[in-house]
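This is the structure I have questions about; it appears just below.
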Amino acid sequence: MCARFTQALACEFVATVIFIFIVLGSAFKWPLQLPSVLQISMAFGLTIGTLVQAFGHVSGTHVNPAVTIAYFVGNQISIVRSVLYVVLQLLGAITGAGIIYSVTPKDVRHTLALNDLTYGTNPGEALVVEIILTFSVVMCIFSATDKRRTESRGNAALSIGLAVTMAHLIGIYYTGCSLNPARSFGPAVIMGKFSGAHWVFWLGPIFGASVASVVYNYLLYPQKLSIGERL
Amino acid sequence: MCARFTQALACEFVATVIFIFIVLGSAFKWPLQLPSVLQISMAFGLTIGTLVQAFGHVSGTHVNPAVTIAYFVGNQISIVRSVLYVVLQLLGAITGAGIIYSVTPKDVRHTLALNDLTYGTNPGEALVVEIILTFSVVMCIFSATDKRRTESRGNAALSIGLAVTMAHLIGIYYTGCSLNPARSFGPAVIMGKFSGAHWVFWLGPIFGASVASVVYNYLLYPQKLSIGERL
Amino acid sequence: MCARFTQALACEFVATVIFIFIVLGSAFKWPLQLPSVLQISMAFGLTIGTLVQAFGHVSGTHVNPAVTIAYFVGNQISIVRSVLYVVLQLLGAITGAGIIYSVTPKDVRHTLALNDLTYGTNPGEALVVEIILTFSVVMCIFSATDKRRTESRGNAALSIGLAVTMAHLIGIYYTGCSLNPARSFGPAVIMGKFSGAHWVFWLGPIFGASVASVVYNYLLYPQKLSIGERL
Amino acid sequence: MCARFTQALACEFVATVIFIFIVLGSAFKWPLQLPSVLQISMAFGLTIGTLVQAFGHVSGTHVNPAVTIAYFVGNQISIVRSVLYVVLQLLGAITGAGIIYSVTPKDVRHTLALNDLTYGTNPGEALVVEIILTFSVVMCIFSATDKRRTESRGNAALSIGLAVTMAHLIGIYYTGCSLNPARSFGPAVIMGKFSGAHWVFWLGPIFGASVASVVYNYLLYPQKLSIGERL
């Protein structure tokens, strides 16, 4: 039991390091060939899909404080696990951002793919976009991984990954697409640069994910887990 | 039972809001980087795939009056459910179009990704294209979700989403690709602009979907549901 | 039994019409935005994936004489079914090509996406490419649909579709990528234009598919079907 | 038993020939239309996905010495099988590279899509990238194919293929993305050109894959196979 918990923590850290490493590196403004919005969106989605397939059965592969908080709000994981996951996700994001920073030429890494408002988007608009997109992705996560559903749900890891791709196909244009406070926090720490709208990338995803959790776990499919049954 | 029905109606509305919000926003002529036809097609398909995975087990995630009518024609849902779904889909489409309108810079949202005949396509040609494409997508929907099939059908949500992507890869060039009267209606209401060919985006999808329903539910796999067994 | 056979024939015809309609239309040199090789490859693959999901349980969705011949070589379908499938595939391809021809502006449809050797490829080289690619796709078809395999094969329709996408990602550069005599034959009939290398698009796919059938059905997984058990 | 082993060896060779043939051919700098990084990444991933679906149940479709060594390190295959697989993978890579060389115009095949450090990447940085990416892909391979997992893993072949796509979406920018010594070795032999960093494409993938094997097979999911139970 205890070993399993330690493994989950380790996997959550490693998965977040890999996630941040790959998605930042694939989103730089490479002079060889500028990645298109579709290409960046696929990189984010396929990385999540791969990590959920690889580590999901150990830690759940949240790699995202908003997702962990949503599971906590839904009474599916304990407060201890939640806090440790979030801490490890933030440390993992800083580590992943640090590694990709150190292996990438300076003129390529530029601002390290920081999230920020794009030209023409104000914080209120960005908040709306982040809330709606994170809500949609987290609804898909709860639904695709609900063991009580008996019909074929297919490849849950792929469904979740492609939901993340979907969100980036629109979100990149408004905010660079966060959905994930750790994804915004890691590069900001390494670059020592927090934009005035950094709070949007915490409030938006956490609020959107929490609403999804309430809708799924209390309104649509209420479940009563005793404290012992929670992870 | 009654709660389940209310939940289905709510989910159908919310899913349509999200669908229209995401697909319009990802199809604008963004100055940062013009989305390619492939990118837009992926956005439509992955949004449908994500919403079917997220809400399909509650409402079926039709998000499309043509699909709802096809289920009604196939005697699989009641007239009451059909009418309410269509009303909520249209209201959802207007709401989704309104939200994306309000968070997007004016010079980007342009005509709000309205469906219209492209240069060189006449209404008759557009009708043929919309009928064939909607027929194909709806055949895939009935087949991928048929619980009587015992062989592995895999991830039905993904199959349906990618069928929508397929249709857009050709349809965008002819009509912007509707397949869905609500998708055409929502932005038209918000912009107050109905093109002379707007009827094509009602007749084409509804006719194509209905033919698919007759073929699947009466010719290929007839099933007799009593009124109580229908949804 | 007899009704089922008639349905299979009808589905094979309709599926081939839709296949040719969509893939030709999505591969034209559209002035609005030239489709990339990736976009065209996705259109071919997702169309196959959608049609296999939609019609596969009725007819098998061969939509390709080379695939039908491979099933016959593998002793899995009767001579009568084989001949009728091929005839209907060719008629379907002509019909599909005719419909897309009639709804598309003349300056767009151009040569109707005819297969031909690209600059720098000679017939022998084209033959090698078509044989290897068709062999690979047909090995995937037999393997993904083999009911004797008990491990999870996932979404067979999607695997087959994405194998077709794979083949186009390289094949388009050499020959436009046929893999399928019907896909080459249909537009050639409508345009009344058979290139000197047209035979390559019959010999290559049929030979590659037949070799795959021998390898799979006789060498790797021999099965003895009595005449009554064949389709 | 013996026939099965011979079949596995033959399939491993054929699969590697096809893999190298397709991925090199789809990555050339084609003058008709330069393939994007996304397009090349999809070609690599879909080829792996297709070959795993087609040959995986016979040989496991490693097509990669690093993967074979990872299985050996995890005590899942014998030393004899491991050595023969690696030899056949290298021969297959040379053969595949030779075939694509012989059917492609000289000005297109150029350097035969050799792996090399891109401008601005030094060997140490390249090593870090190759290790992290191969580690991630191989974790996904072990997890997606672990028969002891009872929850739905969906289409394992597709998950593995899309993990390969993910890795290329970032790796191409640093090293052309190897992940696989055979993929680097084959074209180098045919071109008679080994870059000074060629060792990176052996050490990086083999080290990353071996670490993944230790983590999965000893730390996370230890299993004791007797010598007779190994393949």
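When the chains are written out, they are named A, B, C and D in that same order, and each has its own residue count from 1.
Just so we're on the same page, a contact is a pair of C-beta atoms (placed from the backbone, for glycine too) under 8 Å apart; a residue touches a chain by one contact, two chains touch by 3 or more.
Small disclaimer: the values here were computed from a predicted structure and weren't measured.
Under half of the residue numbers at the subunit A-subunit D interface are used by both copies of the sequence.
Set against the Cα centre of subunit D, the chain with the most distant centre is B.
Averaged C-alpha coordinates put the centre of subunit A at 40 Å from the centre of subunit C.
Taking each chain's centre as the average of its CA atoms, subunit C and subunit D sit 28 Å apart.
Subunit C has residues 36, 38, 152-155, 158 in contact with two or more other chains. Subunit C contributes residues 7, 11, 18, 21-22, 25-26, 28, 30, 32-33, 35-36, 38-39, 42-43, 46-47, 49-51, 53-58, 99, 102-105, 108, 147, 152-158, 161 to its touches with subunit B in the complex. Across the complex, subunit D is touched by residues 154-155 of subunit B. Put simply, subunit C touches subunit D in their complex at residues 36-38, 41, 118, 120-121, 125, 128-129, 132-133, 135-137, 139-140, 142-144, 149, 151-155, 158-159, 162-163, 165-167, 169-170, 173-174, 219-220.
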